[in-house]
Amino acid sequence: MIFSHQNAVPQKPQAPIARAVYQPHRWREECGVFGVWAPGRNVADLCYLGLFALQHRGQESAGISVTNGFHIDTVKGMGLLTDVFRSGRPVLDGHAAVGHVRYSTHGGSIHVNIQPIFANGAHGFVGLAHNGNLTNAEVVKQNMLREGYLFQTTTDSEIMLNLIAGSGAPDVETKIGESLKQVAGAFSLVLLTADSLIGVRDPKGYRPLCLGRLPGSPDAWVLASESCALDSVRAEFVRDIEAGEIIIINRDGIRSSVYERSENRSGCVFEHIYFARPDSVLDGLSVWESRFRMGRHLAKDFKGQADIVIPVPDTGITAALGFSEESGLPYKEGLIKNRYVGRSFIMPQQISREATVEMKLNPVRFNLAGQRVVLIDDSIVRGTTSARIVSLIRRAGAKEVHMCISSPPITQTCHYGIDTSIRKELIAAVKTVEEIRQTLGVDSLSYLSKTGLLEAVNDPGNLNHCLECFWVKNTDSKTSRAEKLGNHV
Amino acid sequence: MIFSHQNAVPQKPQAPIARAVYQPHRWREECGVFGVWAPGRNVADLCYLGLFALQHRGQESAGISVTNGFHIDTVKGMGLLTDVFRSGRPVLDGHAAVGHVRYSTHGGSIHVNIQPIFANGAHGFVGLAHNGNLTNAEVVKQNMLREGYLFQTTTDSEIMLNLIAGSGAPDVETKIGESLKQVAGAFSLVLLTADSLIGVRDPKGYRPLCLGRLPGSPDAWVLASESCALDSVRAEFVRDIEAGEIIIINRDGIRSSVYERSENRSGCVFEHIYFARPDSVLDGLSVWESRFRMGRHLAKDFKGQADIVIPVPDTGITAALGFSEESGLPYKEGLIKNRYVGRSFIMPQQISREATVEMKLNPVRFNLAGQRVVLIDDSIVRGTTSARIVSLIRRAGAKEVHMCISSPPITQTCHYGIDTSIRKELIAAVKTVEEIRQTLGVDSLSYLSKTGLLEAVNDPGNLNHCLECFWVKNTDSKTSRAEKLGNHV
Amino acid sequence: MIFSHQNAVPQKPQAPIARAVYQPHRWREECGVFGVWAPGRNVADLCYLGLFALQHRGQESAGISVTNGFHIDTVKGMGLLTDVFRSGRPVLDGHAAVGHVRYSTHGGSIHVNIQPIFANGAHGFVGLAHNGNLTNAEVVKQNMLREGYLFQTTTDSEIMLNLIAGSGAPDVETKIGESLKQVAGAFSLVLLTADSLIGVRDPKGYRPLCLGRLPGSPDAWVLASESCALDSVRAEFVRDIEAGEIIIINRDGIRSSVYERSENRSGCVFEHIYFARPDSVLDGLSVWESRFRMGRHLAKDFKGQADIVIPVPDTGITAALGFSEESGLPYKEGLIKNRYVGRSFIMPQQISREATVEMKLNPVRFNLAGQRVVLIDDSIVRGTTSARIVSLIRRAGAKEVHMCISSPPITQTCHYGIDTSIRKELIAAVKTVEEIRQTLGVDSLSYLSKTGLLEAVNDPGNLNHCLECFWVKNTDSKTSRAEKLGNHV
Amino acid sequence: MIFSHQNAVPQKPQAPIARAVYQPHRWREECGVFGVWAPGRNVADLCYLGLFALQHRGQESAGISVTNGFHIDTVKGMGLLTDVFRSGRPVLDGHAAVGHVRYSTHGGSIHVNIQPIFANGAHGFVGLAHNGNLTNAEVVKQNMLREGYLFQTTTDSEIMLNLIAGSGAPDVETKIGESLKQVAGAFSLVLLTADSLIGVRDPKGYRPLCLGRLPGSPDAWVLASESCALDSVRAEFVRDIEAGEIIIINRDGIRSSVYERSENRSGCVFEHIYFARPDSVLDGLSVWESRFRMGRHLAKDFKGQADIVIPVPDTGITAALGFSEESGLPYKEGLIKNRYVGRSFIMPQQISREATVEMKLNPVRFNLAGQRVVLIDDSIVRGTTSARIVSLIRRAGAKEVHMCISSPPITQTCHYGIDTSIRKELIAAVKTVEEIRQTLGVDSLSYLSKTGLLEAVNDPGNLNHCLECFWVKNTDSKTSRAEKLGNHV
């Protein structure tokens, strides 16, 4: 296991300024959190099953903490759930557990911040699992350092952990509320204390979090990033945690409070475009349905002539079905995905980098030869993979390739991410749509409009979602919600 | 690494009779083979890439042998390709290689027979990778034992290896031809000798094998179980190896001969139903196309009323698309497959066995609630998984479930398999269709007719495929091809 | 990797009291620390080599932290050095490093507290590796909790880390001195800050720590638990760190100060009896020499008749040589140790527990048969292993077995250990010497006298060593140093 | 697992000649074998315990085969016993087992020939574990190839396996005797058949093999390379297997026969010098005793003046004790061996190669400073390690270093080894003793005389031991036994 720590505040004025070693290779980070309160049940195993349904949200590391009120036992490590827990889950016979999976940042030799994390203070212990990123982490951390807080990781999650664990407020709602009012950004949290399981969502509701009830026990509850994880433990979906809400589950039952109300929501629209599983329902909206509608909107706006519509599997499938239904073009499988591609695959160095796409995707010539193809994908980041896929389809005999993307052009890195230096790698940040079309080598290229996207996610007035990664200076200057959100810039 | 050997011939009359320890848990075995002749290229890496595209044909073990004419180096082991070759592929700088992946027999602690295997005899060395099963293995082996042959494994593959390596015939065609005329059953082989790469297919052509040409070099060739593996090394498909054909590739070029002609072919029809990847073309027929047609035939015969058609992913997808096109019913995703389910997943013991289906499949309630659903799957073996899937769909709100299977009822274990004791576990061997329908809890159950299946695979006269696993005593007695094939019983 | 945390301060009065899960199975804990300051050299590799020479001080876990003044990178994990660093050491190109090995607590499934540990505060970062145990940890920790400190581990090392990292004192000497004045017990520390490598030893000097200089560079320094680790990096021994001394090494050179003076020293005498390597020199005294003298003293007091003297390898060897020289009895090898016994050895359950000694030790019958044997061992803890060794020697033909122990009877658990519940397992705490003799089945049993021990370690007046584990109520009541040390009881 | 095979007989005249890839890095190979017949006992675990005591004879690979008369189950792999059997031993409930450990050939990436090996023929199965090397392997193998035998490994062990398994002789004595009469060289074998455990030793008795009886069962027997392995399973030593003897153990009891008598024995004298454990008794002679005598002979011939005698641990210890007793010089520990050095240790590349000795050995300055030291080692192969040890001792302050070697100069590679190309690396093959002395940097260098060696091993007339590795052309020409042994050249 490898940890990397940084020196945030140099010891002397002349000492060097600390810089983060951590180099994210994704334009955005994602995680999955899960919590379970089930006295008398095997909470570690339930947590394992729940996290397994959230594995798509994070493959870099995984961890589970279990408490019996006296102790908190944690097993965590790098890798997939099946790797981390091969040699066992926490053995503590507890009544509550929280778990976490973290997204892969491939290529880096420095790995930080495996969750859940834990702190023991004068007011008891707190274990925490966090999905999201703070936008004012450095400012808050500097203040905390001045107040005497110490940090053992480089995560912004530890900021929230220390604020909460260090709070002397008389009740847990105040403790959490006052702590979290100091931070800005995205956070869906599940927390363990000696006597409670707690779920919290930030006041904008950037990241999803929902509540379920386990069958058989009236007071057995589950918290999960996505509803699909409730299904995997056969829990009944109760409702989404609201933005700014704190849910506290303990022996006295379940209680709710709102520590901060926000006029608008800012649910990450990329959950619907790409992150979440299509079998999940987020904030009342089926991910499958929203993706299907994205496809329909793409079809409505598509002006070209084509014979078939095919997805880039797996994330393009649902939108392609919507496109097919709206357009009447037959939906076909044009690319088959190798199900064994994973993080452990080591590419032979002698094989050119282009082969990476062939390892993952293979054309169905029967469907492609001589056809005018509409190709559906969820988004274009750098464009290199897309170009290789288009080349693959052309070599398989496609006569024309019309690419339709079920999201607007990504022009901005996520304000809730760590590092914005990657912005120049975003193809839509530096090229026009026509230039991108030429780079990809397609006959036409269509992006979903923001209007279409908002209608697809049932939010035509843009009251509930964050679209900042699609922000374009000229066109959006008047209506940009980003400008209203001072803490985002 | 664990080997298990058996004593086939007891040393003395009073010595105990040998019995096989090996307990297959699948009703049929499958493997993938790959060979490459490419002087000057990294043949080990090409073989690795090719096998990676065939990983679906075998997850239990993997191996690659490379030769430079003087030596043959082999790396092999238990597990997925990425596990076995994590610490490296053969380092020999050779001109030819063969590789093998073997199907999982889950549950058994005894693992045998990792391929490729190798023998060195008076006439040089032979390395061999085999897909298929012999039907007269015991008889031939007893004869060979009497002739003085020794065996170090329990595979029938070693029978062919020893016959070929022990043959003193003047040329390689005779050597192989005379050896293989002694055995009956299914075998697609790739062989390495000091100076040649060789591909052979049995006279009935049970298992697929095809030839491709690597770009850039006029004399660089590839042999593969499925054409999708040619794509992964960017080889151009040349043709299928014919039944009974021997292909010899060496410095003098490529030459072909037929060592035994058979009136009819017996291509395994389950390659099209289930085993092969849909992006492969086998014996001139696109697997995607044949599966699509199976779905169309199912739709033609379907008499019920329904709202949507959904597949059991992944193998039911293509047939469901065919059903949708023929029936006009919309194709929907009703079940999402967890992409992280694999052989390394260890199920918590505390969770009931029923949860294994929930771990793998999750319903899309949006699509299922209140609907009359046609559910497409490729086959039913024991029926237990199907029953759990149906229960899952019903709990997600489906009003009716009509199950359509893109194959006839499986009533017989494969004659080319190892153990027929499993026959009683085949639900269609012991129950009528109506009884199965009740067991699964579906509103209707339809199987694809043999006629429909044969039309789907472009073989209406049943001249080229083996349908023995669907054989039923009464109805098939007149037309059974099995009865004509003496060595099958 | 498995962490276990406890809740030290319950959240509410009625909340359950925290109890430690951690169950030590050794009567005393030991660790090894190493630090290196060597700009321009590979400090991670030097640290690795140094720790390798200290591996005998801890086999449970290992870790190395490297800093370049901006960042601190840590690689740590469970197991031997060769296991933990198999996949690499810290890659940071730094100028200083600290490392730690920790003793095995076999049998427990809960592993805590892998070092080095790290904290980042307002005054910069601190990395810490600690050998020893505090005696007032709970009291200090409760005070710190009340002051708002948070803890992420259950180690007493984190208490010192947080005190130092949280100190706002203007200079590092004050920072460390004021922090450490709050704690009592045993600690030899190596610390990393942004600009310094620091070594500290508690005011009683319980645990060893020495300073060396790397060849070739005037300003490259090494700190190590034992001098043998200096040899392994070819560093020249400079001197021992004094009790209560702080050594600070940075770009300005090396400076020393004493933060607390103590009239007497309390060096752990078991370093000489058992812990340290015989090739080390601790506080000016060769471990080899002191063990040799222990053997001589045993011989002087031995009244029996015998033919040969043999050691229990490896720790009894040097004392047996001393016994031989003093007594004139020939030194022989009577037991051969299997060099492959280690932590990874898994004993077959079917074999009786007695065989564990046979796995480790085998008699040399040639030397034992018919002989009256003096058997030298360093100490007796529970007595079970000793009894099995005696039985082994008798079965090999020894006529008489006279056991001589190069330490006084262990009657007390170490006051600097974590858990005193093990005291009842100490055979000398509950039995007389004659009763122990009978239990072991030896013809005579002699322990080294305290006087002899003190003379062996050049401390006849008992001014410099801690002998508390040999404390006996009646005989020691007048002279016990323990009673003068208020913080020990 | 990695296998490497070679083509021994090219397929065609113009085909390239096969060469062995295998590159031994040791001047001699060693292995350990163990067999157990114990119906009703856990034979796999007994075999594991026995092999553990033989681990010093081979660290490269390990394997155990168990039979119940019907099947033979084998678990084998690369690495130490604890690595190979971490995930379990053979689970077959058998009555007999054989096991094997193989010596490390460090540095090579090609690993071959893990034993036990197995063959099934017309006359039943045979499992075999072999210690030794054949001298006429290539000739016999070519003959066998011509007779139609096939080989799946490159071991000479497989030659014996195939001869025995292929033999149609009516009884097992004839089968084995006739087979082994065809081969020359060194072999101690343990064999498994359906109904027997068999031990065989070659007619010269090069490699040791002994018989023991398990307590508690009248008919439970053990075969082992060294007697120390009998001790580890608490078996009673019965006797050594004689040269040319076949021991057959089965339900009818135990019977013995001699298949070939030889006038003289040729026991490998290096078993006494270096290979065997000092607690073993080989062919009636205690290894400890013979080493002690070697030291005495060295002392008798030593003409220098010195203060102390120290061993190179571990193999020099016993001879140093003998030297001390004979000379009256005190025996001291001058070098301490790091007990954690093993095959898994990865040396930092940045550290110079010279440090490898420092990692392994550390001087005890207290004993060395200012002393005239006699340094005892068992042998000198290349001389590089010896030179580094001498340098280490000098840096620790020794005034003079007199090196005494408890064997004559090694001038020849072992005729029973695989590759003689290494001869030029033997320092005594290319330099005089005076030149070697200068190379090592010692004040004097003495080798044990052949006369002294033969007396030490109780064979003054040289009737029972092989001394060929010490053969020198001029001086030995008259008396060389090598010249009488035609098959050795």
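Order as written gives the chain letters A, B, C and D; numbering starts at 1 within each chain.
One rule holds for everything that comes next: a contact is a pair of C-beta atoms (placed from the backbone, for glycine too) under 8 Å apart; a residue touches a chain by one contact, two chains touch by 3 or more.
Since the model is a prediction, treat every value here as computed from it, not as a measurement.
Touch-path distance (fewest steps) from chain A to chain D is 2.
When the C-beta pairs in contact are tallied for B-D and for A-B, the bigger tally goes to B-D.
Summarising the inter-chain layout, the chain whose CA centre lies farthest from the centre of chain C is B. One simple way to say how far apart two chains are is to compare their mean CA positions; for chain B and chain C this gives 60 Å. With centres taken as mean Cα positions, chain D sits 47 Å from chain B.
Taking each chain's centre as the mean of its C-alpha atoms, chain A lies 38 Å from chain B.
Looking at chain B, no residue sits in touch with two or more other chains.
Taken as a contact graph, with one node per protein chain and an edge wherever two chains touch, the assembly forms a single closed ring in which every chain touches exactly two others.
Interface residues of chain A, counted against chain C in their complex, comprise 1-12, 15-19, 21, 69-77, 88, 90-91, 109-110, 117-125, 127, 145-152, 162, 165-166, 193-195.
Those residues of chain C that touch chain D in the shared complex are 42, 45, 48-49, 52-53, 55-56, 80-83, 85-86, 89, 228, 231-232, 234, 277-279, 281, 286, 288-289, 314, 317-318, 321, 325, 330-333, 336, 338-340, 342, 344-346, 348, 350-351, 355, 358-359, 362-367.
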